[in-house]
């Protein structure tokens, strides 16, 4: 059994990790870390876990935890892991970090978008960006995995094949994203109150959302050149789910025409046909967040607009599963040589 | 592998059966029956099943199905199964009926509340009311299981220990129930449109809801005498979940006092402590539908009111799981000698 | 023009007062009191008011306000008004209190349920309970109006005619109430977060909700004797609306039969036919909160259950209008001799 | 009093017209037309109108209605008005058409996007596109007003000043729109069921939504040249509200720099400062649909992205008010020489 510790177990992503790891055959949770609820029973913080989890919440002493666990998940605020990580820890235990601390290779970019100093830049180099479908082999050999952001996982996978194959003009790429409210966390803040979110939709973080540089970096690797995008998130009155709608100009073919549907579809299939967790939908079917809820799937599809020469790409996932805890477990499976889908055979819950 | 056929696979309960049986290790689905969608791919009716189910929908020829399956689930309108069931079918296959056709022993009561003639009353006698926690042993020996209604499962289990032990005056029992909208089915009806249900709550079927006689019959067995209740369902703007709030006068003890909390708690524990799927919550914790969503749990609790001499009992479940498909699978497990919880180790999804 | 001051203008009820008074032809708001937002523009706290309200929030100095206003609305926490009210204030200005401070005549009952000491019991005697349909004439002559609670307005009006006429056994009265989330206020508390409320329903304050003694006192006046009830509130995932479902045993007539529908209907009509804001619905139509949203209406109706001898009474209102700000304006209209419906001709908003 | 007739009074837009006209001081409704509910009481179709509307629904005989009304609103399916309109009708009565029949000047464009033949193209020329803020003077002199679509009103007004002043490259304009579900109408269709919409978001009509040519035509007039856009609508789990997020490249100034915030703001103010119903928000405040709910306001704002050279424009309105019935009343006010805001002093309802 893999002994797993969670630091930040009482946030929504932490609770989803508990849900998934509780059902995972090869794992036992040995540490429910929560600075806010230290000493309280976990099941009194998340009553869905009544009779399923008997443990109390522990604090966030990662060094102690490193001696008791085989893998540590950190579902913590930005800066936490960078502030406490050490070579000593990484020698003892694998770390899957759900925060952004080790996602971005250029520390100045990190510090500029997150407005905090990075406390352990020496580990950025070895950290593997844990987008499993792209970096699978690297993850298998890693000590430290930077689990991708929810918006970024969806944004990158939706465009990846076309960027990688150079079929779109990345200078024209615009990502309009919509997220359920669990992405905002469990903090008691006025804008997240039921009456403020319900029956409402708004954009936020326009031109300044922190997932922007992460998307740009990863798509930049695919494109082989710098990519700069507009990324606009919106808050939707639902608990779970992210939908991205991405716009880009298709490059014309030698004869001046646009690629046909079948040509684009073949490119998506080239990258995703064998991927269990990425489903390229049938022609003209638009992804819906409800169809992936509770599961580790990303559903993607596209429509070509002959009138404007653009392609509209769409992707949907559950922000707490493939967008956070599910992908973290997928990374753990890779780190420990398990079947990548172990514990992730989650059939989407509808309705 | 148990070969399972579903008639009525494209209703919400049918889809939940597909979700649960797809993940069930001992079962394969051999028949996706749907009169409305015969010939269409199942995954085009429920796109959550894309790449998970490749089959097309079949019609509802139960006699043919009986030759191909070990168990048939009928998630069909009232009267369907009674209209087609035969000794020949029951000799070949186990039947778990999610409709009300065989729940009520007195055929005149059935016909009076459901306003249809019962076409095969000869099977009513042998049908076992599949409330597993109460009728476990009978289910194991049954050919035909009448899977309980969603409201009834919640209403009965919430009050059962006190009725069985004679601690409440059943003449005073009032059940105020609240349900998510999936209980209304997937039929395209104006009252179930988003804009009609959202931001709204209403009672319906006041004094006339068909689950009333089912509750009365089962609680009557527990009480050892006729029970007549008020049952009032309400429609709540959420997808899943049933909450019942039940009121009854506590019988006073010999000394004229009311039972203490601990005495009542002990009675609940007597019946439910060993039940995996019934969770008696800690003191003063009110059940919430969200804490059981997606799972087979029923959460129950109670509060004693010294001022009025009444006890307020509360219960919560997911109407599509313990209230329908989950309990049907639980019954199937019993029918085939499997671990009762096989395929039902579902951790509640929160949020 | 009536000069109105609001203390507690930045709660949900306060904002609704601003909405109604802004559209009221005979009123101008001279004071937007808010301890939390003193010095901020009101429209930056409630952006629906952008370009409609230019004022900044002021503090809660009621003595200063008394010199500038004709009427003061206090939409404040329990105990605030009792702590600051004085004869000097009441000599200058009418006060409509939306808190519970002056609703309950027996100060020990208030102190027992609210768990705070009452700082100015000397004004309890003269305070008029502002349930306009019942106490209209008293309100006209009052200096201090105790605006009823949201649950209580709905609970009382729904049962009032039958209690007043002695048609039900008040010892059997049970009130099961369901409320939208705005009733919980705008405080940033975890249980009111979107993800905690959405897709969820629960009871709370079982046997202990503070509106219980208020209901009991008022129905006691109607009954001419002490009334003790069970009152159970539930939190519903919607912004606005309260629905009550009330159960009571009908008294039998001299011949041992239950009253007929027409007899009960006539009693409701006797009290409400001429009331603009109470709509007794047509036979078999259940009240829905959506049909009164945004308006000052209370919709009521009932069903007689011959089987149990009980009557099920139902009522629906908008908790922020007839349940708070709308009734407060209705009281103001009475206090100043205006048409009682002035500013309250609000057509319900659907959907 | 203006006598108003409504054909299509039982759709959601029709019901909103009834709400607004019922409260309008200068209007009386003389005809509640509804093909589906002819002969039924209007208030039994929309119970919010109980005791407010006593009339029965009439059929859709527009010629008879023309003799009884001063203005006819048609909230009808595409093709209805074009099929029945005549010179005789227009000689007797003003017509405000909420369908698309007379919005598009080029009949072949209409027929291509709507896939129906236009039955009375002879009236297209005189029809005035009733976007009041743009065509106010033309509306005043019209007989036939084509009331704009919900998405189009929001999309056009949000970008209008910058298009009109030539500040953006219209070839780069992308409109990502999000709508509440009332926009889908009251038809009983499976995709609009509560359980299908709730907890879900999806795009639909990608590259093919019928509001596209309407936006292009109107923005084309502003630009003085043909405009072709991507317009992608999304369905959001809320009743009311449209939010648009629009992306376009800013034209650089002579010195190669982008315009400053203040320069863009000045352009918005030039067009909207005196417009009662268009609110240009303060810097960095993103429009939210909740802040305009129930009112006739459009809230707009923008953010400049120095990194990409694009401007992100945002707009929010209530699709049933400014997006349909409210704008129709605004047009009626113009047609009859009333104060343009008569009956539209609706304070947004929050929450």
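Lettered A, B, C and D in written order, each chain numbered from 1.
The rule we apply is simple: contacts are C-beta pairs under 8 Å (C-beta built on N, C-alpha and C of every residue); 3 or more make two chains touch, one makes a residue touch a chain.
For clarity, every value in this text was computed on a predicted model and none was experimentally measured.
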Problem - Set of chains adjacent to chain A and to chain D - result: B, C
Handout entry: When chain C is superposed on chain D by its C-alpha atoms, the rotation angle in degrees, nearest 5
Key = 180
Exercise for the section: Have a look at A-B versus B-D and report the one with more C-beta pairs in contact. Expected result: A-B
Handout entry: Shared interface numbering between chain C and chain A [over half = same, under half = different]
Key = same
Practice task
Please pick, from A-D, C-D or A-C, the pair whose interface repeats that of B-C, with more than half of the contact pairs identical by residue number.
Solution key: A-D
Practice task
Starting from the mean Cα coordinates of chain A and chain B, work out the distance between those two points in Å.
Solution key: 37
Handout entry: Centroid spacing, where centroids are CA-atom means, of chain B and chain D in whole angstrom
Key = 46
Practice task
Could you check chain D for residues that touch two or more other chains and list them?
Solution key: 12, 182, 195-196, 198-199, 237-240, 288, 290, 293, 351
Exercise for the section: Classify the chain contact graph as line, ring, star, complete or other. Expected result: complete
Completion exercise
In the complex, chain C touches chain D at residues 12, 15, 19, 22-23, 46-52, 182, 199, 239-240, 279, 281-282, 285, 288, 290-295, 299, 345, 347-351
Completion exercise
Interface with chain C, chain A side, in the complex: residues 12, 181-182, 186, 188-190, 192-199, 237-239
Problem - Touch list for chain D against partner chain A, complex - result: 172, 174, 176, 178, 180, 195-196, 198-204, 206-207, 228-230, 232, 234, 236-241, 243, 245, 247, 286-290, 293, 303-305, 307-308, 310, 312, 314, 316, 351
